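Both of the next two complexes hold chain A, though its partner changes from chain B to chain C.
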Partner chain A sequence: MDKIVIAATSQVAEADLKLARLGSRFGRLDLMSQLALLAVEKLGVNFDSLPRERIAICLAARAGSLATDAEFWKGRDAAGGPSPTLFAYTLPSAAIGEIAIRHRLTGPNLCFVGDSRDVLAEAADLLRRGEADACVCVYCEVVSSAAAGMIQSTPTSNVSALFLQRDGAGQILPEEFDSDMESFCAKFRA
Partner chain B sequence: MREPTPTTPPQVAIAGCGAISAVGCGVEALRSALRANASGLRTSERFNSPRFQSCIVGAVAEDFFEADENDPVYRLAAEALRQARDEAQTVLHSIPAARIGLVLATTKANIEALERISENRPCSDSARRHLQGNLLAADLAAEFGAGGKVQCVSAACVSGLSAIQQGAKIIQRGEADAVFVVGVDHLSAFVMAGFTAFKAIDPNGCRPFDAARSGLSPGEAGAAIILVRENFAPGSAIKIRGWGTSNDANHLTGPSRDGSGLALAIRIALNSAKLLPAEINYINAHGTGTPYNDAMESMALRAVFGEACPPFSGAKGMLGHTLGAAGVIETIVCVLALRDNFLPGTPRLNSPADGVPDSLVREPRLVAKLNHVLKLNTGFGGINGALILSHG
Partner chain C sequence: MEISTTDIKEKIIASLNIQDITAGQIADDAPLFGAGGLGLDSIDALELVVMLEKNFGIVIKDMEEGRPAFQSVATLAAFVNAKRSV
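Here is the complex of A and B:
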């Protein structure tokens, strides 16, 4: 089995969106999808180096799509009903769809609700099983004020991304680990 | 303690199933509805409002829920899991709790709580907690004695198939000997308002693969499957044979027009199961009843199977579109088909649309033997899923 390497990492927050220029559709995306797209862009990966159907996307969202859910539901009494555009983003996997569309990635997808512990392990497993040659890993901590009030949390808007691939240049992913994705991103940058 | 991964991963078998849906409580109710090609879609007073495109839905009987129920999703999930665990109790008896995992599939978890909080209606602490799918999964695991790995998968309408794949992988990696896979979603005003905004609901009730189809019918269900490592199950148990997922990378909410994404997922699944297309005996389609989905799915089937498409049918005219539960409850339909050597029909179908393969099964029928069955789902975000089940 080839070694699995962390080829790139990135981390973005809402403030980083001010300078983001990611096409005409970008403004219509929900916050989580915008941040996820920007984080993947900041990885600086050349996706042309691999067949698109061999690149997986594995994402976890700490509070699912609750921030967008709350926004959608606010519009329930609006004339004409709530926004169909927002409804499309009331699923955490919408961010996977946006990443796939932008980079034309047709490989396997995994989407979890919860913390980032499973993201790296499951992505590495996809590679070890031969289901993919590389994986875009994304962890979204996007909790709006409205959502935070519902789940007794604090508002936050951070997204980490990481690119795992079989072989190539980068830090080798240990065979066994028990760590979250943010720690790996921090270690990689150090 | 993680066991070393063997060279050939162990097979994963199905030891128990549970379901509660529009056609009743229990797997026997589902089996009876399948034999009768019955539809559980009916008018629901809960959604009889001009705010919604239709009030014809796949709802669970009202008397299942408590009056003013504020945690319906937990109630549905727990009922399905109780049934599945009962069926598998002999097998589970020999597996310690620490070796039992749980994977939950849901798209909206307890979205009822968001509606209640927004409208200042009563909402219990647990109902509020279950707004978060991972906490819903953790509470189910605690109640039902799953002390091992717990995950919550939310991949739109492919969630159920994704959860079954995850459960199988957890067992194959040696992290558990059994995994409770639970799919659940509740019919909420939130979901009804969303699909109404999309104009995606058929006002007359969905008619998958019909020439006159014009949309889906939202539904609700709890469904559970107990997966176990092969050595814990009888040799005759249905096995998870292979799977595949892909992304259309084309449109966030609309299916690809040529079916190439779903065809890719099917080919990956066939490859992982080491089967040829001609070896598939039955396909349970996603079949939402929307014009684009069913046309795309027909094209995907033709792309993989050519003019020799195996018999296929869709269950959403019976159950409605149960979202996060769909992949699990429709996999149970496949399990029943395999156990009973039976081809389920396509409830509410009148006249198949042009382009739909001729092998569409209108009415249920018995067959000599089913060996390999393919289950398909697709979802928002362009995600496609395929799962292959086989006889022991």
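Here is the complex of A and C:
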């Protein structure tokens, strides 16, 4: 069986966005996409080292796009209606699109509303099946105050990212694991 | 009071959340869409329609009507001023 390694990890929170400089159009993205892009940037991976079509993206969002959905809904009474730009982000998979566009990644992608373990398990399977040589894994915990009230949660805005590779250099991903991505990030942080 | 091109630029920057670009860096006659200008896209166009209604009370129901206005900051300012004088 192929060895899957964790080649890089990163974690970002909303406060990290203050210093983020990812182009003039970064501000148009919703919070989850901004954090996901920043987390991938902080992985420090040189995507030129592999064919772009062999790099997959797996993303899970604990609360889906609920924070952006709530913000969009809030704008319905404003003059001119809610923001059309925001509407484009009322799907959690929009963040995958932003990552793919920025890094020109054209491999397979998967989006979950759920746990970060889903991401790791699916990404590892994807690599073992040979559908990709590497995978950008992103777990988004973005729950605004408005969204938190709807799902009996506490507000949070953290995103973790991992870069998994087949037979690359890095920490070996156990074949069986019960840790979530945050634990892996904490454990393997450079 | 006439709306200046600087007013329009500031409204565009604010409504589209454009970062690291100031009003002074946008030429009055630079194209808003496509290469060689601000590089805006179709979603930005919809956002500009919302911006016009929010800030100036101008409603564009037919995008064909708005198309000539959205050529540049100068044409957009002229369009706003013409609508406000009616």
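One rule holds for everything that comes next: the second predicted complex is superposed on the first by the 187 of 190 C-alpha atoms of A that agree within 3 Å, B and C clash if a C-alpha of one lies under 4 Å from a C-alpha of the other, contacts with A are read in each partner's own complex, and residues count from 1 in each chain.
Everything that follows uses one rule, which is that a residue touches a chain if its C-beta (ideal position, glycine included) is under 8 Å from a C-beta of that chain, and two chains touch if they have at least 3 such contacts.
Bear in mind the structure is a predicted one, so any value in this text is a computation, not a measurement.
**Student:** After lining both complexes up on chain A, report clash or fit for chain B versus chain C.
**Tutor:** Chain B and chain C fit side by side in the superposed model.
**Student:** Between chain B and chain C, whom does A:26 touch in the aligned arrangement: first, second, both, or neither?
**Tutor:** A:26 contacts chain C only, not chain B.
**Student:** Counting only touches as set out at the top, which of chain B and chain C does A:110 meet: first, second, both, neither?
**Tutor:** A:110 sits against chain B, while chain C stays out of touch.
**Student:** Based on the superposed arrangement, let me know which partner A:100 touches: chain B (first), chain C (second), both, or neither?
**Tutor:** first
**Student:** Looking at the overlay, what does A:88 touch: chain B (first), chain C (second), both, or neither?
**Tutor:** It touches chain B and chain C both.
**Student:** Looking at the overlay, does A:3 come into contact with chain B only (first), chain C only (second), both, or neither?
**Tutor:** A:3 sits against neither chain B nor chain C.
**Student:** Which of the two partners, first being chain B and second being chain C, lies in contact with A:79: first, second, both, or neither?
**Tutor:** A:79 contacts chain C only, not chain B.
**Student:** On the superposed three-chain arrangement, identify whether chain B or chain C touches more chain A residues.
**Tutor:** Per-residue touch count on chain A favours B.
**Student:** Examine A:52 and indicate which partner it touches, taking first as chain B and second as chain C; both and neither are also allowed.
**Tutor:** After superposition on chain A, A:52 lies in contact with chain B alone.
**Student:** Does the superposition put A:69 against chain B (first), chain C (second), both, or neither?
**Tutor:** Only chain B; A:69 stays clear of chain C.
**Student:** State the minimum pairwise Cα distance, in Å, between chain B and chain C in the overlaid complexes.
**Tutor:** Scanning every C-alpha pair, the shortest chain B to chain C distance is 7 Å.
**Student:** Determine where on chain A the residues touched by chain B overlap those touched by chain C, and list them.
**Tutor:** Residues 81, 83-84, 88, which sit in both footprints.
**Student:** Once bound in the complex, which stretches of chain A touch chain B?
**Tutor:** That would be residues 52-53, 57, 61, 63-64, 66, 69-70, 72-74, 76, 81-84, 87-88, 90-94, 96-98, 100-101, 103-115, 118, 122, 125, 129, 131, 150-151, 176 of chain A.
**Student:** Flag every residue of chain C that touches chain A in the complex, lowest number first.
**Tutor:** Of all residues in chain C, those touching chain A are 16-21, 43-44, 46-47, 49-54, 57.
**Student:** Quick one: in the complex, what on chain A touches chain C?
**Tutor:** That would be residues 21, 23-28, 78-81, 83-85, 88 of chain A.
**Student:** Show which residues of chain B lie in contact with chain A when the two form their complex.
**Tutor:** 2, 51, 107-109, 111, 113-115, 117-118, 128-129, 131-134, 151-156, 158, 162, 166, 169, 173, 189-190, 193-199, 244-253, 261, 264, 268, 272, 379-383
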